[in-house]
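In what follows, subunit A forms one complex with subunit B and a second complex with subunit C.
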Partner chain A sequence: MADAPAGVLRRAGEGVHAYGLIVGMWVRSTMAYRTSFVMMALGNFAATALDFVGIAIMFTHTDTLGGFTLPEVALLYGTTSTSFGLADLALGTMDRVGRRVRDGTMDTLLVRPVPVLAQVAADRFALRRLGRVSQGVLLLAWTLYRLDVHWTPVTLLLLPLMLISGAVIFGAVFVAGAAFQFRAQDASEVQNAFTYGGTTMLQYPPTVFATELVRGVTFVVPLAFVNWLPALRILGRDDPLGLPGWVDFASPLVALVCCALAGAAWRAGLRGYRSTGS
Partner chain B sequence: MGLVRLYAAVAVSGFRRYATYRMATAAGLFTNTVFGFIVAYTFIALWNERPHLGGYDQAQALTFVWVTQALLGAACLIGGGFQEELQERIRSGDIAVDLYRPADLQLWWLANDLGRAVFQLLGRGVVPLLVGALCFELALPRDPLTWLVFLLSVLLGVVVGFGLRYLVALCAFWLLDGSGVNTLNGLLSIFFSGTLLPLAVFPGAFGEIVRMLPWAAMLQVPADVLLGRHGGAGGVAAALGFQTMWAVLLLAAGRSVQAVATRKVVVQGG
Partner chain C sequence: MADGEGQGTVDGFIELDGVEKVFDVRRKAGFLRRERHRVRAVDGISFRVPRGEMVGYIGPNGAGKSTTIKMLTGILVPSGGRLRVAGIDPARDRTRLARRIGVVFGQRTTLWWDLPLRDSYGLVRRMYRIPDARYRANLERCVELLDLGDLLDVPVRQLSLGQRMRGDIAAALLHDPEVLYLDEPTIGLDVVSKAKVREFLRDVNAERGTTVLLTTHDLTDIEQLCKRVMVIDHGRLVYDGGLDGLHAVGGSERVLVIDLERELPPITDVPGARPVKVEGPRQWLAFAATQSAAPIVAAVAARHPLVDLSVREPDIEEVIAKMYADRKAL
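After this line comes the complex of A and B, so read on.
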């Protein structure tokens, strides 16, 4: 029994090591087409920036949206973009699982002496997604400079905690989405509703959305813990669901639970895998 | 006549190819609908602050949201389409075989893309618009003629989109890896077609210019046709004329670039 946790740790270590090696390989491969890489990294940056340009254009017509000012919305935007960008960079290419199941190349991954999750996560690693992260970080820096809030040690600590927990929650959504593709191979686009759709929703204040929708992203797919609840605490605002105050600090716990659930879903998906036989 | 039959067959196969993946279509529908809801609420918040922004009332703004989601697949508003496939053929050299065929390269891909667009309009367009109409108060016209003109405008918009994407695809003759230009194309389309925000909301002279660009023909014009914002028959004819002008210009540009590019292939292959 005593060596069970050690075994798990060793296996996790192997997974991370393998992930690093495969990622390194894909980075070298990307750099073979340097012009394209630069264009795509810039494109990735601009794609996220465009969303914010859209919001900025909205604010040329109004001073508040759902009762929130531009720097306040920018805090929501910057935090979710950073968190989502990190998850997307690390795991975003996992939506290729369905394709691999369909064309039979999943089998190749199964016979290698490396955890399948690590292989799938690193598959076609896209360094260009740094573009999204850097856009989120830059905007976050701007809004922290512009934002007129009273920082306390607690809220200062809450900020990095929120970013990391948010990235982990989105990461769990990516893994769960990949697990789902073992069953519904062509349906990889469904997870876009939760990943890209989720981050789009979190860019706006919760007051904009119908209460049922806010409830859904709090209790069903707990995306509200990515930034809404902690950010509302930083901004000194009440959350529209009137949840108790400690919930604002629950993001790391929620992130852990999400990981456990996504891990279970992944193992179930992998166990249920039947090769196409081709 | 034989040529018409050929391109019709290509269009039908384009349609059937996309129709094969039912799960993918259902997944796309689901995602389009979720995005429709998210954007709809942000528009409600904005139009609550500014009730007649861009000349739209709230129902018209919400109609714009759901028309956007309905056309997202058909008009390739946020990317997608045939260009990656053509680029791969250019990169691998298979394009040489395509050029041997007794069919025109541009017309072949246009027919194929129109088949795809018709399927995506039916498969991914109808349901989001219905869901939107059930859950929100939309300003949809009752006049069947307006719907017919709208469909014509959508068709022209798809051809304009094809014209742009064909140029993007041909970039592969020079760049080999087309993913960079594809990304750029997606971005320009998201921003300048009105997918991000209706072009009517873009401020000042910038807005004026944006509404003259070809991307406006892909979404803004069809949506305004449906909303009856072009006034009488004269206004609608001008809008369709604007789309036709860009379609012709872009197809002609595609033709010239194709001529230059294929000469290049002959040189490489010789």
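After this line comes the complex of A and C, so read on.
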């Protein structure tokens, strides 16, 4: 198992190539039913947009939520929605691993000459999930127009960095969750608690939650790095845990560590499967 | 056919030496209590298959057939022993080996369920990086011989079992694999589909020199396709050889059916034969399948008023059933 770095890179390249192939095919087959696709994407968009309408209605009764104004909450909402949407678009169908192990179709992926992770990730790629991403992006655009903050080059750079790191962190959670399904085939609900549950949480200011919970998503499952910590820097606020300032910029590093851990979990899961079977 | 990999291709393209697979099975034994016990699914199997051979791999359910196939393809990692396919260790180099083997699982498809066959094949072409000309030639050939022409644009989920199986076999052969593993390729197929699949496999083996290893419950598959058969039971190889040899090992018997001029008591005075059934003037005499029928016929004709006779060959199915039963009795 001692792969040289070059070998790991080559495998990663093969994986991305295979992922692209399978995704391309799914997109083409989706586009065969264009109307159906447009309806599904609009539905996806509307379902997620209604979520924010709820928050907006809340603000008709109050000016601030946990000390945050509507545009400020919208920044949190828009960033987490975009990040999660991107991860969900790319890897959202990975929660079928458990079913594949149960019905034995995992074996059919193992006899193909491309990485299993890429095949599982690209399986049934659903372009309609663009609905969530576009909703996040639109909201983000509105927020940036309405938000009354002093932009510096640093905070301007922090915004795209936050979105990408956030997507990668969520992606790692998807992979780790899928890896766990090798062991416990019905574990997709546990994963949903972190992904869907996590986004819902990150849509609100950290100040409305108990400190223990904020601490948990900072140090245990590092979801706070998706948007809370960098967004607070952009908004010029202190985080409720009083962490040192550089932590606001640690998201890319946290994302990398998450990737490494998720990758290790995936390999362990697959190795376990190959020694025990279904 | 030239390849630099397999040094041992002369005597074995597929080589197994004492291969084992042990599973740890946990079973519920009351509330929260779990009992662990070990199951030896494959218990020290050794065999060699030379390039271009077509071998049948049979055994009762749970004998370890599928586990063996899974180890040969690299899906499962063996617990012990040595295993090589084309000189490659499947457990270590699974993806590299994958380009050189084709696998068909009878019970589950390797195709993409929601896509038409044509799209699945296109994806296979890109995944295996099959050169265009070769891909087109192979596809054309499979479409013709497996009768897939009308099915190419039908999503896999709408295909019947027989159609899907043919589609799967084609998919496994597009990249010109050197070995083809088939796990129950004719299970659930109707007579026509079975015949078509068998004919195609025979062609592939004869023309391409593709090594074929197939597991099956249908012994007709073996009789029509394989000169060599391996029988596995309880994770051990209990027979490896020609189909004919099974009779000797299985202690099977041929039956001489004789019609006499009139009803007689059971004939017991012919050495090597024993009466198994009497029905009016007709009697059934069983004798070892390895023995010649001539002296028995001569002895019967010399002592009794013989009108007509015929010899029944032993049923291979019965032979194997008897082998399993004998082993169980041990």
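Simple rule for what comes next: the second predicted complex is superposed on the first by the 270 of 278 C-alpha atoms of A that agree within 3 Å, B and C clash if a C-alpha of one lies under 4 Å from a C-alpha of the other, contacts with A are read in each partner's own complex, and residues count from 1 in each chain.
Note that in this section a residue touches a chain if its C-beta (ideal position, glycine included) is under 8 Å from a C-beta of that chain, and two chains touch if they have at least 3 such contacts.
This structure is a prediction, so every number in the text was calculated from the model and none was measured.
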Return first, second, both or neither, reflecting whether A:Thr152 touches subunit B, subunit C, both chains, or no partner chain. neither
Give one of first, second, both or neither to describe whether A:Leu110 is in contact with subunit B, with subunit C, with both, or with none. second
Just checking: does A:Arg274 make contact with subunit B only, subunit C only, both, or neither of them? Give me first, second, both or neither. second
Identify the partner contact of A:Thr64: answer first if only subunit B is touched, second if only subunit C is, both if each is, neither if none is. first
Subunit B versus subunit C as contact partner of A:Met25, first or second or both or neither: second
Mind telling me which of the two, subunit B or subunit C, contacts the most residues of subunit A? B
Just subunit B (first), just subunit C (second), both, or neither: which does A:Leu50 touch? first
Jot down the residues of subunit A that show up as touching in both complexes, subunit B in one and subunit C in the other. none
In the complex, subunit B residues that touch subunit A: 21-24, 26-28, 30-31, 34-35, 37-39, 41-42, 44-46, 49-50, 53, 175-181, 183-184, 186-187, 190-191, 196-197, 201-203
Subunit B partner contacts - residues on subunit A that touch it in the complex: 33, 35-40, 43-44, 46-47, 50-51, 53-54, 57-58, 60-62, 64-66, 184-190, 192-193, 197, 200-201, 204, 207-210, 213
Subunit C - residues contacting subunit A, complex: 23-24, 67, 70, 73-77, 79, 91, 94-96, 98-99, 101, 103, 105, 107-110, 112, 114-115, 119, 122-123, 126-128
Show me the residue ranges of subunit A that touch subunit C in the complex, using the header's touch definition. 18, 21-22, 25, 28-29, 103-105, 107-108, 110-115, 124, 271, 274-277
